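Two complexes, one shared chain (chain A), two partners (chain B, chain C).
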Partner chain A sequence: MRVPESLSRLRYNYVPDHLIGEILTKRWADNLVPFLLLAIVVTVFGSAINGFFSPASLIDTTRQLGEFLIVVIGLTIVMLGGGIDLSVGSIYALSVFSTVVSIYMWDLPVGLAFVVSLLTGAICGAFNGFLIGVLRLRAFLTTLVTLIMGRSAYDILIIAFGKQLQMSPVMNDNFDFIGTGSFLGLPISFLIAAIFAILAHVVISRSRMGWHISAVGGSRRSAYNAGINVRRTVFLTYVISGLSCGVAGFLFGARLSGAGPGTGAGLELAAITAAVVGGNSLGGGRGSIAKGLMGAIAVLVMTNGLIRLGYGTGSNQLVLGFMLALAVVLDIRWAKNRHKVLAEIYVAPVHHRMSEGESALPNSGGPYALNDRLSAAAAIARGEVEGPEDVILDEDGNLYAGTRHGEIVRWFAPDYTRQEVFAHIGGFPLGLAMDRDGSIKTCVGAMGLYSIARDGTVTQLSTETNRSLVSVVDDARLRDPNDCDIGPDGRIWFTDSTTRYDAHDWALDSIESRPTGRLLVYDPRTGKTRTVQDGLRYANGVCLAHDGKSIFIAESWACSVHRYWIEGPKAGRMECVIADMPGYPDNINRASDGTYWMAWLGMRTPSFDLGLRHPGFRKRMTRRLPQDDWLFPNINTGGVVKFDETGRIVATLGDLTGQSHPMVTSMREHKGELFIGGILNNRIGRFPIPGADPDWTSWKSYWGTAATTEEAR
Partner chain B sequence: MKSVFRQGMLTQERIVLVFALVLFALYAVFLKGFLAPNNLVAILRSIAVLGILSVGMGIVVIGRGIDLSMVAVMAMATAWQLTMMNSGTPALTATAITFGFVVLVGVANGVLIAYADVPAVFATLASGNFVFGLIRSRFIVQDAVPVPQDATLLMDFGQARLVGMPIEVIMFAAAALFAFLGLRYSKYGRYVYYQGDNYQAARSMGLPVRPVVILQYVLSALVAWLAGLVTAAGLQSINTRVVNSTLLYDVILVVVIGGIGLSGGKGGMRNVVVGALLIGIMLNGMTILDLPNIYQNLIKASILLVALIIDSRLNPRDEQVGQQGDI
Partner chain C sequence: MWWDRFLDPFRGKAVTIPPLDGALRPNSALETAIAFAEVDRPAAIVAQADRLVVASHEDLLAIRLDGSAPRSIRRFDGRITALAAFADGGLVVALESGELHCLGGRQDGRVITRLGDHKLICPTALATAGDHMLFVAEGSTSASATDWIGDLMRKGASGSLWRLDLSDGEATELAHGLAWPAGILVEPDHSLIVAEASRHCLTRVAADGRGRRAVILADIAGYPANLSRAADGGAWLAVMAPRNRLVEFVLQEDAYRAEMIETIDREFWIAPQMTSANSFLEPLQCGGVVVMGVRKPWAPARSYGLVVKLDGLMRPQSSLHSRADGRRHGVRQVVEAGGALYVASNGGNLILKVEGDA
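== the complex of A and B ==
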């Protein structure tokens, strides 16, 4: 390997730039920017203000944070539901007033005062909720108006009763304790806010109501069509916001033991800025309590800091206005362009070099030389079947294949002209395997491992494996289950081709050529799936060896076949059987003479081989060209190859005309005939194999004589 | 009800006009001194600033926007200009700087809304606060800024009368007339209507919708500044505390009550004049009744809420053309 190529290999195979794309697909990636901002704000103000981190200062800050945070949480929930609540400042002030009146004029116990404050908040919130949820008014303007109404009402009340409140002789120690007391060194109000935040988080992320709110915020129409009561959900968000203001107002009343003319003024701007700066989306659907928390801390530290640093009137509005505009712009641009950015940077090719290998050209003389014998195959269901990735036959000779429409179709022996839908699954069934009890096990693309009983009932077996610790993408999910086979002990061995791409994007995985494919095993006794081998470049077909002690695995983009030992001296180890073939291997299945059939889904080309050695080139290609102009592996031609246990190629079958079977993804031998499937084909081929055992069936090869079959029944 | 509206007999504008006349008649009968010539002039004078602001807001709302930064621009731009003049900057320079600043605010609003797709309410809420904060904390030292004694032009302007009308009223009339002519007869005026009616369709037609949006907000900022100058000329000072008052909601009230639907593309300057008249008469009556300000605010806010409810019934939002984040 020349030096530049080695350098490029170092660069692309060891710098994990695929992680950027993977991180960006995560929901929590949205939190990175607000978190960074929070860190900057705390650092800047922490270092600019003397004694910012002193315990007394921190306690004071957290006390205020408690009240503010609760208001922001309420607002976050409203925003999550697609609305906005500007009236929080007024509801807050009214709640403070009702708390203070309850304590100092009516001399109520603390508990009752709290209820009064909550009621005040809830009633105001319900008013907003009625206008916006039920009458469907514009949230922004409506709450702007209710803000003024509430503020006016508060001004009227505070002028009427302010004196009486100040002159009140009532002393309530419990009330004062809530305002100024601490528990375990933390202010009571902060503890209440923390409990409130945790509760809100659980409700939003784990409860039916929370999901309804997110659904309504994400898309009102879809939520409505899904049967969610949209109006009630929107109504509820405003009630929750009102209740939050009630809690916060109660805490404020306790802290200051009174209410003044300016209470809660301007709170709405600070709260909205906090919610938006934290990363909650305007227009709903995207947001979380954690985001509200980050925004609340950042905004509170900043506004308090500006006051403590002695900046004059107006600096708060200056900074809040600027931050609000900036955060909204960033959020809107990001929400709009996120998928573009992802599409732009997700594909992260690696260097992969294969040896030139032997030619598959006809008459080239090598073992791989293709012939034209497959073009003579008879066609089953021509034009009636779409995408039979895998085909299989039961012991009665009936033929089964998965189709693009999410069904498994059955053709009846002996002439295969009569067909019926055997089972509807909903996803694209890829690999098929016939189990001892006559049920079919299938890998369904993008879904998982399923079992279809003789009567057509579909059962889900597995949709997840163990989660590895270092993977950023959720590799527990079965993203692209591809082929399966069943061991004598009933365990199902199957492949998950890639953890990076969904099943329909399998071609992108070939561009990237990153080894993320896996061999998995499902144990029917425990119902658990386990990853036994990873690091394969598109793990594809699997086939148990005739003795059941090892398993052959096709690694498509590496053009290799491996053998994984289940038992024996090499148990748990994988060794390469065939390397650098001229074609991309797909499914592998047993042949009657003790060898194995292997399908080629496409052929290597010198141009793509060269591309594989130049990851930078492939990266530029994916960034700068439309997908139609990309260089892909050639899947317009393929074939069938037969190899023995040692990996020696013993026969090839091809269709040089490209008319019947240009690309082959599967083949099964049955009573001297080969049945051929292709994921892009419109037929199933039927080809008589000269010299094959006319009694051999795959069923017998796996499950023995008919007697055991009867027993299993 | 709807069919009556369709026949064009009972447009919202006419209802409001009738309502204003009835209110006028009621006040005239029951309120002492309401009909005095001085009071009638006072009514016109009191609605002049409100009316000028409503002209700007009307243009923006017709183009399916809203400008919550108008009162901040009105007070702060004028206060800054007067502060500069007070500290010896030549009047022309101060005016030029202020002009530049006001245009900048309008362009910033427009860019945020047209190019960054920020909902108008958010963009202008943020920019209004930013403008207030910037000027209050950086450029002026106290809430109220007087008109400098040597600024005779502005002083005389405030005292001027034209055919017995105070100059504020003339300015309102002129602003409304210009806006009317512009909206009705200029190409860009028609564009404002088209894109207010259906933004996507206007864009697909090839209209320069984004520049038109910017133009709208520049106009509303300039109109707001004009309102500030008129206020300063009349009162010989400008008080920046007006930003925290409910003036902004009065403006929205005038626009919505007058019949310019918030969903855009409807109404015109006649609606603004009628709305301003109704609100002016109402406010004047309440003042004569000696209702405290805070009660007036509550009443006005309640009326605005009712107006919003009626508006949402008459001009329901069309989900097909609703914008993203249009809350």
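== the complex of A and C ==
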């Protein structure tokens, strides 16, 4: 069945498929499943139980939630650090006992009783932590042992002192207030739990200790190599877990004003289920307090709900067991396959139709007809340079180019056989521009806009622009800064080609053809970068017009060149200068005769153009074929095209043999010669331009008048 | 199993192709072979006594085994699509128009246009037995014999295999429903092995055409063309183009394929070719991008050079390759003569000579 093209255009251009992939790249995407589960549990039990949402019922639930949540948070922290704590139930029970003894037998004030409870928890936790963190015993077995030991101790104690406690004449109003009182309509225990949760969240996500815990849980060895004290960190997680049990035990003691034989029994199962169901990974390293919170609410609502529906403890434990099993399976499958799912669904192509336009075939007779003239270019640094995306020359004729090793290399005039690393940046330098003071401004792939002074000092100028309101990916960061040019006022105009792919995946953006490229401007006076134009299909080359009043912008996947006015009556407007070329434009630079050079990084092919009109075809292709087999635009053939102010094509230079310059991403005219770079090439071409002004240099063309004034001084 | 039908919608839909492994492990034997003669687009090659007879467009050329320049034997009205030699020195030449011309030998001058009641329109391969038995493969009932790619991309499977007794003119259809039969090998027991190009397999057909056809070599990593007998009793299989995941994928994509066939020139299709990377309008796949001046030899390609040596049971034994970064692609036919192997590389415009036991 053939779907009409207009329908497929509607389907693929207006249904935002790309958001699924973008959401999956977010860390919080892990929370979606637990959140859904929580919503389902609350809805199901809320509708099955009469009065579930009544204030009295909610207050009772939140009171219990307070204690339970604190235990779950402690356990979450242990799990985040790569461990497990089965002994929470026993520690909890012991804390309850110590609280009750402090109040009813020793008649201590509430504050001291709280400290006693905390101490009990901390000592038990430290015992676990010492065995597991310092002696490096296995967490599971060790805490199983402490669970049994703690439970036995509690059983002995409660039998020995149970009667005395019950007979105690002590009445402590403050203690009772904590157990049953409310503040602003919320139970005290819940408020304490909320404060505890916020504190824990800040510690885990914002503090050095929290980061250490996540690092140790993610990879002990890497954490150790990074200089983290692994033993202390693990020890601390168990102490925190013990302290949490202490807090929770104190609150429980206050609520029930006593302790019984069953206190804290089975708590470990409920707490582990809550932590895992919330989405905290059993393997460590992945998890958050918010996940613990969601899990705790879901488990508590469910267990309470089951009890109120008349099911006993047995079926309750059974359901918890099933939930835990399911969550563990999902956790493992998800952790293992998340990147596969993401890789498979990330590419979300849109429909794009270009007119056939003129041919670039050598015998076509049109203005674009390519030739073999570039194959005669002399090679500079053949086999020594890798990926000179852009090239530039200074007034002394020295040649600069970025390489894929993250360097800007300088070759010395006049023969360019001697070279040195001019500056090391770390990212792949793409577009280059030379400023009035001779410093080089460069767009560095996946990093941002940088400046390199004449002595090679690297300065970061900009790494972010304004964040747009409606976008899932963080479009404030510069993902693929590509080419830049400098206006007469010193502002730097540059492009960020796409918000969807990193710089090294630039060619994948062509398969998607989604217009996410942007034109940005950096103002050195304020140090701020602003987005001035978006919605470009791979915004690429930028060049200031000879009169300095507008800039030319290449839109690669749309095979178009636009002009953006920076001053004059049309300021702030963009108009198309050349549309539907047979090649994909890259950098644009000034030519000595008042026209402009434009590089073609590749050629349109009929098969890819047809693919652009069949987004479903491309989508299925990216899902069913390995990337090496995907249909690409032809980036094995490029060329250099010269156009004038009106967009008329004046000349073309090509290398159809593909031997020297299969793809061209930049060219720079200097004293009658053209220097040619290519992002996938291993050389810089040097080509004499017949009839070109032998004295013209790009720097003079931009800053010539200033230079003369400088000399005059 | 029957339940696969119900489970398939839930399974992954990865497009896979057989790997070049085992006996098909890549080498550069064709790239380094001697360029024996330059011939424009050789489509078929047979050996006769001390010479090779090669088809190039409309021309029938002779090249002496001692290495003289190609000499034209005869020029026909249409392009030559297949050749075969009789034991008595006679030649049969198949033309694009569907005519079969006999040249030399007892049948000299005879022109065959019909096989019984059947008008021949697409002769793609010939084979002989004795001095009067001729086997003819017809690639398709609709396409021209030079239009295999068109037939493949339309998923054609209307080829047939015929036996023609030149002594009494009796023609018998031995098999039909073949997916572009591109090569015939007569076995000692008079059964026939047919290379079905578009189905990437070798099929055995009984001498009288009765009984079930049996696939004896399936999942070939390319599109097989002609078969010829090797001196040791095995056979040489010319593989004219590689299988490519993107092509297999396009074969599943009906809307795209239909529009591609309709609107795009054939040489720029996403389809196998005898030669590729000649024009910037050809499709490019990610793996084929030239990086630092290098095209990966293992890049997915639309053309490839491959000759497979089969043993007597038609199992692959060894192979000769010209890989994605090479030019000697599109091998249409191979012939063993005078202790050497001569390879007609259609895409490379060459007759290659491989000496010794390759």
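We take it that the second predicted complex is superposed on the first by the 700 of 713 C-alpha atoms of A that agree within 3 Å, B and C clash if a C-alpha of one lies under 4 Å from a C-alpha of the other, contacts with A are read in each partner's own complex, and residues count from 1 in each chain.
The criterion applied here is as follows: contacts are C-beta pairs under 8 Å (C-beta built on N, C-alpha and C of every residue); 3 or more make two chains touch, one makes a residue touch a chain.
Since this is a predicted model, take the numbers as computed values, not measurements.
K.L.:
Report clash or fit for the pair chain B and chain C bound to chain A in the combined superposed model.
P.N.:
When both complexes are placed onto chain A, chain B and chain C end up side by side without any clash.
K.L.:
For A:Asn128, using the defined touch cut-off, is the partner it touches chain B, chain C, both, or neither? Pick first, second, both or neither.
P.N.:
Once the two structures are laid over each other on A, A:Asn128 reaches no partner at all.
K.L.:
Touching A:Met663, do we find chain B (first), chain C (second), both, or neither?
P.N.:
Second partner only, chain C.
K.L.:
Which partner chains sit in contact with A:Pro606 here, chain B, chain C, both or neither? Use first/second/both/neither.
P.N.:
A:Pro606 sits against chain C, while chain B stays out of touch.
K.L.:
Looking at the overlay, does A:Tyr311 come into contact with chain B only (first), chain C only (second), both, or neither?
P.N.:
First partner only, chain B.
K.L.:
Looking at A:Thr403 after the superposition, I want to know if it touches chain B, chain C, both of them or none. Which is it: first, second, both, neither?
P.N.:
neither
K.L.:
Taking the superposition on A as described, I'd like to know which of chain B and chain C A:Thr76 touches: first, second, both or neither.
P.N.:
Neither partner.
K.L.:
Least CA distance chain B-chain C after superposition, rounded to whole Å?
P.N.:
Nearest C-alpha pair, chain B versus chain C: 18 Å apart.
K.L.:
Shared contact residues on chain A for chain B and chain C?
P.N.:
In the superposed arrangement, which is not itself an observed complex, chain A uses no residue for both chain B and chain C.
K.L.:
Okay, in this complex, where on chain B does chain A touch?
P.N.:
Chain B residues touching chain A: 66, 112, 116-119, 121-123, 125-138, 246, 249, 252, 262, 294-295, 297-298, 300-302, 304-305, 308-309, 312, 317, 319, 324-327.
K.L.:
Flag every residue of chain C that touches chain A in the complex, lowest number first.
P.N.:
Going by the criterion above, the answer is residues 13-15, 244-246, 249, 253-256, 258-260, 263-265, 268-270, 277, 279-293, 299-300.
K.L.:
In the complex formed with chain C, which residues of chain A make contact?
P.N.:
For chain A paired with chain C, touching residues are 2-3, 360-361, 370, 386-387, 507, 603, 605-608, 610-611, 614, 617, 620-621, 623-637, 656, 658, 662-663, 680-683.
K.L.:
Please output the residues of chain A touching chain B within their complex, sorted ascending.
P.N.:
These residues of chain A touch chain B: 82-84, 131, 135-142, 144-146, 148-149, 151-153, 155-156, 159, 221, 269, 282-283, 311-322, 324-325, 328-329, 332-333, 336.
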